[in-house]
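The following pair of complexes shares a single chain, subunit A, combined with subunit B in the former and subunit C in the latter.
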Partner chain A sequence: MQWLDGLVQGVLLGGLYAQYALGMALMFGVMRIVNITHGDLMILLALTGISLAATFALGPWTVLMVLVALGAILGLLLQRLILNRVVGADPLPSLIATFGLSVALQNAMLQVWSADTRSLGGGDIAQASFQLGTLYVGVLPVIVLATATLLTGGLDATLRYTRFGRSLRAASADVEAAAMTGVNPKGVYAGATAVAVAILGFAAVFQSMRATVAPADGPFQLIYAFEAVIIGGMGSIWGAFLGAMVLGISQSIGFRIDPGFGILAGHLVFLLILALRPQGLLGKD
Partner chain B sequence: MTDALAAASTTTFDGPRVRVQRRTTSSIVALILSVVVLVAVASMPLWASQGLIRDIVRLCCYIAIAQMWNMLAGYAGIVSVGQQAFVGVAAYMMFIIAQLWGVDPFVAVVLAMIAPALLAIPTYGLLHRLDGPYFAIGTWVIAEVMRLATSNFGYVNAGAGMSLRVMTGYSATERAVGISLLAALMLLVTVGGSYWLLRSRYGLALIAMRDNPIAAASQGVNVSRLRFLIWVAAAVGTGLAGAIYFMAQLRITPPSAYDPNWANIAIFIVMVGGLGSLEGVIIGALIYFFADRWFGQYGATYLVVLGLLTLFMALFARGGIWGLICKVVDAPWFPTRRTLVEERQ
Partner chain C sequence: MSSTLLSTQGLVARYGDFQALYGIDFEISEGEVVALIGANGAGKSTLLKSIMGLLRVAPEMVRLDGRPVGGSKPNRMVSDGVAIVPEGRRLFTGMSVVDNLRVAIDHAAVPRGTAWTLDRVFELFPILREKQAVPVQSLSGGQQQMVAIGRALLNQPRLLLCDEISLGLAPKVVKEIYRAIPSISANGTAIILVEQDVGLARSASNRLYCMLEGRVSLTGRSQDISREVIGAAYFGGAHAVA
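For the complex of A and B:
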């Protein structure tokens, strides 16, 4: 019973991780860049949302809309001011640039919001739950999972069927060839970063409703997103979703074996997959 | 091969006689200064106070860790943000060997180097499957795994950490002598060793690899093997600095041993000082050391500035301060270039 509960809670936790992982998979697929501020931007959005909600007495869904819009703007700025200058075959400049920004962001947030953990009041939804057989399942985690599924499906459909999606896929296959056929790489990169950070707006609201956020949490979220992407298979959007589920389940089961073992179990499953199936669960050989 | 070339150049080659020049006036001055510095570090108990010794040992550890990161990022093309894994594992191994197994702590520092080497080998085996930027985040996962595993490991007192109580067997003076000699040895191994490596045949291969790995491979450089060797060597060098640092601290806990700040420091020093040069590391380490002393009290604001400075360097001045200096004056302290000079007859 305990294990079934662990499995269900793990899948629900995976819904949250999927929302971190989607943007990372998208940005890496298109630009071959890993944005180390990925987790810190999520925390920045979450803390901004909590302050907005407290100052203007906004409900969580209004905050969500504001944060998604704000995320898109932040993404565009990040692309315009920093990533455009470091995108290229050499991974060092983009890693170091975003690494420096990450250290700066974490400490700036520490100045503004102090080291306290905060959360966003979700009203009745945050506490509501329903019974499923012998298990109790929270309403909010189910909403999170449903949102993650919709986001994944939506992103996948965008990549498959829209003009923007086609140019994204063309740029990720070969950026120079794509430029020759009329795709503007800078426009595509800006679009991908904006979408990736906008998705973090969803993650920010749900993370701060489900749990707590503190300025130093960013690197952990970055690592979870990364592990989900690698477990699922680089370059696959549904792979990132599946990887997030595997990671969520591993942590949830590990946590039930020993509370000190939860996060570690997630890392170990990641390393195991890397050893046995380095192309990821859905990756092609 | 070399004989054949030499013969060819003397018999059939009618052009000017040439020789390869590697030393410059600035390098001779720097070499003498380096020896003076090494002797000064080794003889610290004769001239420095306890507090000064502690500060200089800390500076030496920064230089060592940064230089190891520089070899990885500047030459092998490997970016790691998880070097704290090796700092922590070596320091913990030293505490285990000295405190739990009863070996002399100064011997334990050397014996403990087996731990970072043993960690580096499977780590590379797993992570080299990942694409460039993902490799970097992978190293972070390894460091997190080590931190969490150590925090759950009762043998090393889990999250509460350990104290190096066996050091009470030595007087304060004996400890100062031991740690000064170790610090000098560490500088010799990490900085001197890197310089020696860069001037050797392997240095040519490394520089070729830095400029273009594919072209280097086509010239017969075994790029993947060389990367692996540099990765392991850098792990050991980083571990040596970790073991010496925590020996001076006399106390270790998982969060301090596996502190991501180790990677921050290495990256800041190398990026601000100058990637891919030994001079840059020394400049960067001195800047960091004094910035930390003068502005460390401002805490978070100071770290915001450090982070932004790293970002700025990555965007606009990838050669760091040493790169900017080189544009003005050409006086390398540790030249690795081979200059072809025409002999006057």
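For the complex of A and C:
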């Protein structure tokens, strides 16, 4: 019974990890950039949301809308001001630039919010649960999973069927050829990063409703996103979702073997998949 | 067929320290087909890349409708009515034939004259209609070249740049592809044809330019220039003008 419970809780946890991982998969797929500030941006949005909620007495769903919009703007700025200067065939400049930005962001957040952990009051929903057979399932984690599934499906459909999605795929295949076909690479890149960080707005609200956030938490979220993307296959959208599930289930099952083993179990499964299938579960060749 | 559509004046281009073009004067009028021939490394692709905005050149070196456009971004050139079938085709791997074509439709210039549509491209190359859902990397070389041409046409160009569209294709396929040239030009589109096959270049064009080591070594009406003169201009020796 506890294994089934572990599986269900793992899938629900995977829903949150999927929200971290989607944007990373998108940015890597289109620009071959690994954005080291990914986790810090999520924390920045979360802390901003918590402060806004406290100052203006906003409910979590209002905060969600504000953070998604804010995330899109942050993403645009990040791309225009920094990433467009370092994107290119060589992955090193973007790694160094986003690593530096990550350190700077963490310190700035420490100045503004101090090292305390905070969370967002979710009202009744954060506590509510229902019984499924013999299992107790939280309402909030189910909402998180449903949101993650809709975001993944929506992003995948956007990539397949829209003008913006086609431009993204073309730029990802051959950015110079895309420009020769009329695509503005910088515009496409800015759009991709805006979407990626906007999705972090969802993750920020759910993370701070389910648990707590503090300025130095970003790197952990980055690792989870990164592992989910690698497990699923670099650049694949549904792969990132699947990778997040695998990571969530590994941690949850590991936690039931021994409470201290949960996080480590996730890392071990990640390393195992990296060794056995380096291209990831859904990655090609 | 009279007014100059695009011209270059004293165009120089370099790759880092290496100078590839030494003052190219070139022009093409509306609806005209101009062939660009020359040996490997003569600078034909470099000239097309300079026009398309893929290499940095001074603004006055390239004029479109008399306006300086040298060094404009490639996507700007597309919206100004210039499209390219690049060397090596450069299709969007992993995307279907029709999605490759749709990228061009999504970013097309405002058409002057009859607009190119998916249907018209499929009439030009019927095999593409059958293969439209297939990922481009699984097409044959000739079919890929047709996608590359179709993609450029769907950008609704007034000027189409074609870089060695016959390269590596069977003679039968080359014929099939060159059959499309008159219908493209009948649409009022001017065409620059970079071509290794001198005979093909001559028969398909109104005028031609021969390049040698980064310079124009010969230019004139395609029908008026003899093979001997072209030979001399192609391989060096006497610089000829016909």
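Operating definition for what follows: the second predicted complex is superposed on the first by the 285 of 285 C-alpha atoms of A that agree within 3 Å, B and C clash if a C-alpha of one lies under 4 Å from a C-alpha of the other, contacts with A are read in each partner's own complex, and residues count from 1 in each chain.
Rule of thumb we're sticking to: a residue touches a chain if its C-beta (ideal position, glycine included) is under 8 Å from a C-beta of that chain, and two chains touch if they have at least 3 such contacts.
Computed from a predicted model, the values in this text were never measured in an experiment.
*Asks:* Consider subunit A as the common anchor and indicate whether subunit B and subunit C clash or fit when overlaid.
*Replies:* fit
*Asks:* Taking the superposition as given, does A:135 touch the first partner, subunit B, the second, subunit C, both, or neither?
*Replies:* neither
*Asks:* Where does A:52 make contact in the superposed view: on subunit B (first), on subunit C (second), on both, or on neither?
*Replies:* After superposition on chain A, A:52 lies in contact with neither partner.
*Asks:* Return first, second, both or neither, reflecting whether A:170 touches subunit B, subunit C, both chains, or no partner chain.
*Replies:* Second partner only, subunit C.
*Asks:* In the overlay, answer first, second, both or neither for which of subunit B and subunit C A:7 touches.
*Replies:* neither
*Asks:* Does subunit A have more residues touched by subunit B or by subunit C?
*Replies:* The partner that reaches more residues of subunit A in the superposed model: B.
*Asks:* After the superposition on A, what does A:263 contact: first (subunit B), second (subunit C), both or neither?
*Replies:* The answer is first: A:263 touches subunit B but not subunit C.
*Asks:* In the combined three-chain arrangement, what's the angle at subunit A toward subunit B and subunit C (CA centres, steps of 10°)?
*Replies:* 80
*Asks:* Is A:85 touching anything from subunit B or subunit C once the two structures are fitted on A? First, second, both or neither.
*Replies:* first
*Asks:* Quick check on the superposed model: minimum Cα to Cα separation from subunit B to subunit C, whole Å please.
*Replies:* Here the least C-alpha separation of subunit B and subunit C stands at 14 Å.
*Asks:* Once the two structures are fitted together, what part of subunit A is touched by subunit B and by subunit C alike?
*Replies:* none
*Asks:* Which residues, counting only subunit C, touch subunit A once they are in their complex?
*Replies:* Against subunit A, subunit C makes touches at 52, 54, 73-75, 78-79, 83-84, 86, 90-95, 99-100, 102-104, 106-109, 151-152, 155.
*Asks:* Report the residues of subunit B in contact with subunit A in the complex, numbered from low to high.
*Replies:* On the subunit B side, the touching residues are 73, 77, 79, 81, 126-127, 129-134, 136-138, 140-141, 144-145, 148-149, 151-152, 260, 264, 267-268, 271, 275, 300-301, 303-315, 318.
*Asks:* Note which residues of subunit A are touching subunit B in the complex, please.
*Replies:* 28, 32-34, 36, 82, 85-86, 91-97, 99-108, 110-111, 219, 222-223, 226-227, 230, 234, 258, 260-261, 263-264, 267-268, 270-271, 274-275, 278
*Asks:* For subunit A, which residues count as touching subunit C in their complex?
*Replies:* 163, 166-167, 169-170, 173-174, 176-185
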